[in-house]
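Both complexes below contain chain A, partnered by chain B and then by chain C.
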Partner chain A sequence: MRARALIYPAGDKMKEKIGVYVCECGPNIADNVDIDKVIEVISALPEVAVVERHKLMCSEDGKKFLKESIQKNELTRVVVAACSPKQHEATFMKVCESAGINPYLFQLTNIREQCAWIIADKAEATERTIRYIRAALRRVPYQNALEKKEIEAKPDVIVIGGGIAGLSASLLLACGDRKVYLIEKANTLGGKVKELDKLLPRMESSSNIISQKIKEVENNKDIEVYTNSEVTEVLGFLGNFVAKVKTNEDKELELKIGAVVVATGFGMLDIKQIPRYGYGKYDNVYTALEFEKMNTEGKILLKNGKSPKSIGIIHCVGREERGYCSGVCCTYCLKFANYIKSKLPNAKVFEFYQELSIPGKAYQKFYEDTKAKGVDFIRSQDIEITEQKGTLTVNYKAETQTLEPQNVDMIVLAPAIEPNSDADRIAEMLKISQGDGGFFQEEHPKLAPVSTSMEGIFIVGCAQGPRNIPESIVQAQAVAGKIFSSLIPGKKLEPEVKTSEIFEALCIGCQACLTVCTYGAIYFDEMKRVCVVNEVLCRGCGNCVGSCLSGAISTKHFTTIQLHQEVVEALR
Partner chain B sequence: MKGTKLKVTKSVEKTIVNFLEKGLDKKCFDIVLIPLKVPAGDSFAWVLVQDKSLLADANPLPPVMTVQGAKALSSVARKGKMSKRIAVVMRPCEIRAVIELSKSNQIDLENILLISIDCPGALPLKNYIENPKESENKFNEILRSAQNDKGTQNDIQWGNESTRPICQVCDKFTGTDIGACQSDLHIGILGVKDGNISLIPNSKKGEDILNEMSFPVEKLSNNWENKVKELVKVRKEKREKLQEELKPQIVGLDNLLETFSTCINCQNCQNVCPVCYCRQCYFESEKMKLTSDDYLMRAESKGGLVFPPDALLFHIGRMTHMSLSCIGCGACEDACPMSIKVAQIFSFVGDKSQEVFNYTPGKSIEDALPLKVFEEDEFHTVET
Partner chain C sequence: MEKEFTPKIVGFCCNWCTYAAADLAGTSKLKMPSSLAVIRVMCSSRIDPTLILRAFLRGADGVLLAGCHPGDCHYEKGNYYARRRFVLLKSVVETLGLDSERLQLSWIGASEGPRFQQVVTKFTEKIKKMGPNPMLEKISL
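Entry: the complex of A and B
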């Protein structure tokens, strides 16, 4: 391969002392890239001051070696050819910093994921490696030193939704050195749990538990509760959010907070959408929550005031339509059978289920005890409710066979759990995504189950998917942990350095950038009629740059000239 | 179609001017933006007319498009809303450009009444300046043919070979949804058999103006609509035919290089383009200017380099920037001193790119610019 000099268009760029460091990444790179050849070709380039290799540059030994070499050779620019920037860009930036060179004067070239791992032919992978290093060499003289900034981070938190998840999160978070703002849409706290009579599996009183939590929240001086209130706008990022809240007095409150906890809970499927269940059409067909209410009020009665002699409890209402199992209905349907058996010991109870889902260490016994009380469990599908002269009939199939319909006096339906009716609005406001079933999407289903794609915005409880009470509380505790570890009072945050800037002289004020900015980081200056970047909010994603036809925007560290030089050399 | 009939007195142009005078008298609007014949008599200029007497020289349908109307209006109404009510009389392609510019905040439409007119096409500027008098006569003949229409195809000379090539294949020469043109009021002059032209309200603003001027809004005969649709059909076919002919000249880099090889880099096309609204064209900016070493390197690798450099890059770049908003007005081609078929090529590419996004520029202020919206489910054609 011919050692061809790179041409640095501006003469003074030649004055830079550039060091190139090739990492073998153990066998990961060395096995499929001829590193001797790479060193040979790159060393021959006149603009390179030093070329070195190391077995594992990210190891303690490798970092020490890199630091000492940078200092010994008095380098002004550094290129490391190693793995993906996702993996070790930050590592090597720190090394550069410790060696006394601005970390933004360094470039990491990915020769592992983009060469060694994906190109079968070693010679070709080697050629590509050289090409990429040349591109980095061409780019790095055009990079500018960028200075880190530190900003105050607000430790305070806003919790949207005052159900069991929101209450639990608020109580944990209000540990004395931060304020929690709990915003509830309804006029009281407690959410759906307040509408339940007893809690599984111990059948303790739900109202005791929830009212205790509410009392604790109300008595906590670090929690400010706003009922009948709504969050209308949230802008910013972890450590620096500004939220607008419309309170019950129609006042607008502006809160400066560091994190947002979304605990907006759930809604129930409107069963009228599935007419075959007869809800709303026949008397004595109730939803689960209606039945809870009836039981709480003390008596299970038919519309005519008599006690029902037989009750059908129907699971899985809307499961197929919604496309998921709501997970909590089977267990509360067992609870309903217990409600009935304790109030009306002689009433017949039929549980119609499609699939029974009662996992967990405590529930098997509960299921068996319930069954022993004389409750019939009928596996059924294609349920249709009809009525004749006040008698309800459950028509159903088992597998493919149509079975004898079952007459009952009363029916209780367990509808699917749905996202709260506000979910779409909240997702749009917070710029978080909605996943399966319209529930808020977690950042990663296994590894980051309570975080979202927006740093500093967390989801707990049924806002994230159907959950039971202990699961919701566990999530609330998880969120508290996330917030405690990332927003430490008094500790400063480093905002993004690679932000966008708009050159006033080129901006014509068409506001295309403002429309595409997901972070609300651009505003329109009415006086000057140009767009302006709010550097604190900007995350440097570059969306605005792509939308600006005038070329008035540029993102630091990804300027046109830097990218141009890099691409020109990569394609040469 | 509902609207008001207006009796033609003297000429269509005079009738329209009378209508504007009446609007000014009744204070339905305070000021009018309209082309006026220049004192020398050999061109037309956009004038913001406050003094009614000036309207004597107004021509709502001049034979040529000197300055694209949207460009004129943008210079009036770029910096915020108008404090007076202004009536603007333009060709449909000019109105469509106005709508595009308003989406990019280059025209504030508040207090602006957009009036479009059926357009017979415009004459090439080059031909007009050679002999203005003769050109005007020729244009008059084309325009009047609408009124002499006996119902056969040949009666109407609109968009005949004397008009600009892009006008000859224009299928959006009219207002309302038929012309994908969101003016407030459209003036229909085709299909005039009874000596009347039609004022067709196309928005709430348009309806209000007719009410204010006490014109009855009633059901119109189908003459105008039928005639317009008939002509649209003919034009669509012609347009397709022209594009088929153009294709071999512009598909692929080599053909494009050939087609634009005579370009002298004057960038007139960009300067006159109504939807090129940047303060400074990206392709004229410092970002496009490389150092001598860069050019030396390019010359070295290619064996030779044309200067000024990147002429084709300028056209392709401009095309990617504005083709979704290209309303096919033809101003670029009129301005090209080298007679490159700029408008024909750009509107061809525009048609295709607009089709991809199911977007018609100028059709509705409600349709967001494709660049500004993100749809998760779109543009599958580019997926592999």
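Entry: the complex of A and C
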């Protein structure tokens, strides 16, 4: 307790001049809270310098009234009792600032959503309003003035991965005043799309589309392309990253950038792990990408050089084992049927599917057109492939009964999409998390699908989860938008003000806080043997405070003493 | 006649989910007992166990810790840490001679105004049945 007194000098809290402003919010608060009574009780408290009410504090008139009253009474702290801080905290903080008082010396207490609107009895609602205002009144003297900070930011971007998502993001980002460094591990750009024959549903040539994009990238003077290269280290934070890149000449490059786009794409499940599909054991059992290669080379042929008379396409290979639907296989399996029907019109095609996943405005028609070409769709499960004298047999169950096995000459398997084999290394290097199936974890599955927990690091395309081409491009464009609006050339950044801080004198160097921080915002100072907060990275969640055994950490504006005061008064 | 016991409950609510749910309950005008004092924090993981113990020592009849549903945390995994600390704290509370049922953890998502109402109402009823915080008689601060 003595140590705490050192950190939070009590000072003379009674010297503060605190003003309390009660908003009627039209009839919203006034109808169910006896504001006269509230004013009467609060005015009688010794720490209060002035109590005022207003019909609608957030109106222009109300804000002017608030500003003038703060100035006239030379207040040092302000409590506004009105609506939810989610609604007007920022509004009143601005008023405080314009009145010459630090906006963090103000507290908004929620007497509308938390009192007037939810408590049926007016007397009870009034009593509770008084309690809430008292809690805010007791908290506000312990609040500290916080200052906004500004830091320089680099607008340039590094894009890891030169597939369709990386190419699209690079092209959009490099439109004038920022440089893009595109780093590709392979010796050419284009990624997996380059390995495809045609793109559905219009069956256009994949290589035309991708080589057009590659040409645009290579001709763009703002994009520097490094193939056969790998990013080996990324340090820093939004606006100020330093990345190390190992290039093909075995040189090490150091790049200063403001944001990182991870477009590392995907890998395919190794089907040998599931022996019942017979891959690697029998001839003429191919993976989807092997079948694409066959088609780009122009001919669908069996190992013996003959054309197959029947082909089975197996969906959902590894879906149950991996625990998710890869989303793109059903549609590309339809495409495969089209490949076959155009090259070998008389060949029989069987699609063995579990559930058909073909959402979207174009694919239903694509499915119907494909079916009309004489393709058999067989709903099946528990597939096992066997071979006898060169003939492959698909054994399967439908719903509950076992059906007659189907003999075919060739089998094409649609394996589950997996994260790139590099994903673990990249996640560790960038300090971003991996979620379901090992894909990079987005900041929020619905509200922030392309950002990560590390500000300034973005994930696009299949690096984030199985995606088709248009979805990957949409994500790439979304990321470009995110970067355009957060890294404006010449504009400085304002990092979060309500960050955590660690008091050296109390820190025992156990590093518990370091392990719980999602944002990598805490590092260990080896010399001083204490943990230190990087205030630019800190988002102010306060998890480190909860983890600290020695009470050395505090989150600004939500300090223990502030919360303690609020709790004590709320319980009085 | 003896006055009816109205419990005092402190509710630590995370800014992103539960506080938003409390707001939604408000805008939906869902009525509930006035027993709960909401303390807004950015994340449920901010609540170090001592804050909850302080509330009990200061006479709280119940403490509610509420945050985003698992997997929904605004800070990715703060609520998981909150849950672990909560489990540990439950046993600490028992050693202090308090029924650990007085401490409750609830996940209330931003869209769950009615759930907020339900949690507050049910928890209040439960604490009402349990009676006032017995610590108050044993210690004085």
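The criterion applied here is as follows: the second predicted complex is superposed on the first by the 344 of 572 C-alpha atoms of A that agree within 3 Å, B and C clash if a C-alpha of one lies under 4 Å from a C-alpha of the other, contacts with A are read in each partner's own complex, and residues count from 1 in each chain.
We take it that a contact is a pair of C-beta atoms (placed from the backbone, for glycine too) under 8 Å apart; a residue touches a chain by one contact, two chains touch by 3 or more.
If you're wondering where the values come from, they're calculated on a predicted model, not measured in any experiment.
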Please indicate which partner A:Thr560 is in contact with in the superposed arrangement: first for chain B, second for chain C, both, or neither.
both
Contacts for A:Glu113 in the overlay, against chain B (first) and chain C (second): which applies, first, second, both or neither?
second
With the two structures laid over each other on chain A, which partner does A:Lys86 touch: chain B (first), chain C (second), both, or neither?
second
So, A:Arg529: does it touch chain B (first), chain C (second), both, or neither?
first
Touch count on chain A, higher of chain B and chain C
C
Contacts of A:Ser326 with chain B and chain C, given as first, second, both or neither:
neither
For A:Arg539 in the superposed arrangement: first (chain B), second (chain C), both or neither?
second
First, second, both or neither for A:Ala135, with chain B first and chain C second
second
Check whether A:Ser380 is in contact with chain B, with chain C, with both or with neither, and answer first, second, both or neither.
neither
Should A:Val516 be classified as contacting the first partner (chain B), the second (chain C), both, or neither?
both
Which chain A residues are contacted by chain C in one complex and by chain B in the other?
516, 547, 551, 560, 568
Mind listing the chain B positions that touch chain A in their complex?
79, 104-106, 277-280, 282, 285, 287, 290-294, 296-297, 301, 321-322, 369, 371-374
How about chain C: which of its residues touch chain A in the complex?
8, 10, 15, 19-20, 22-23, 25-27, 29-32, 34, 37-43, 45-51, 54-55, 58-60, 72, 74-78, 81-82, 85, 117
In the complex, go through chain A and note every residue touching chain B.
7-10, 505-512, 515-516, 529, 547, 549-552, 560-561, 568, 572
Which of the residues in chain A come into contact with chain C in the complex?
84-87, 110, 112-115, 117-121, 124-125, 127-128, 131-132, 135, 433, 441, 443-444, 453, 498, 516, 518, 539-543, 545-548, 551, 555, 558, 560, 563-564, 566-568, 570-571
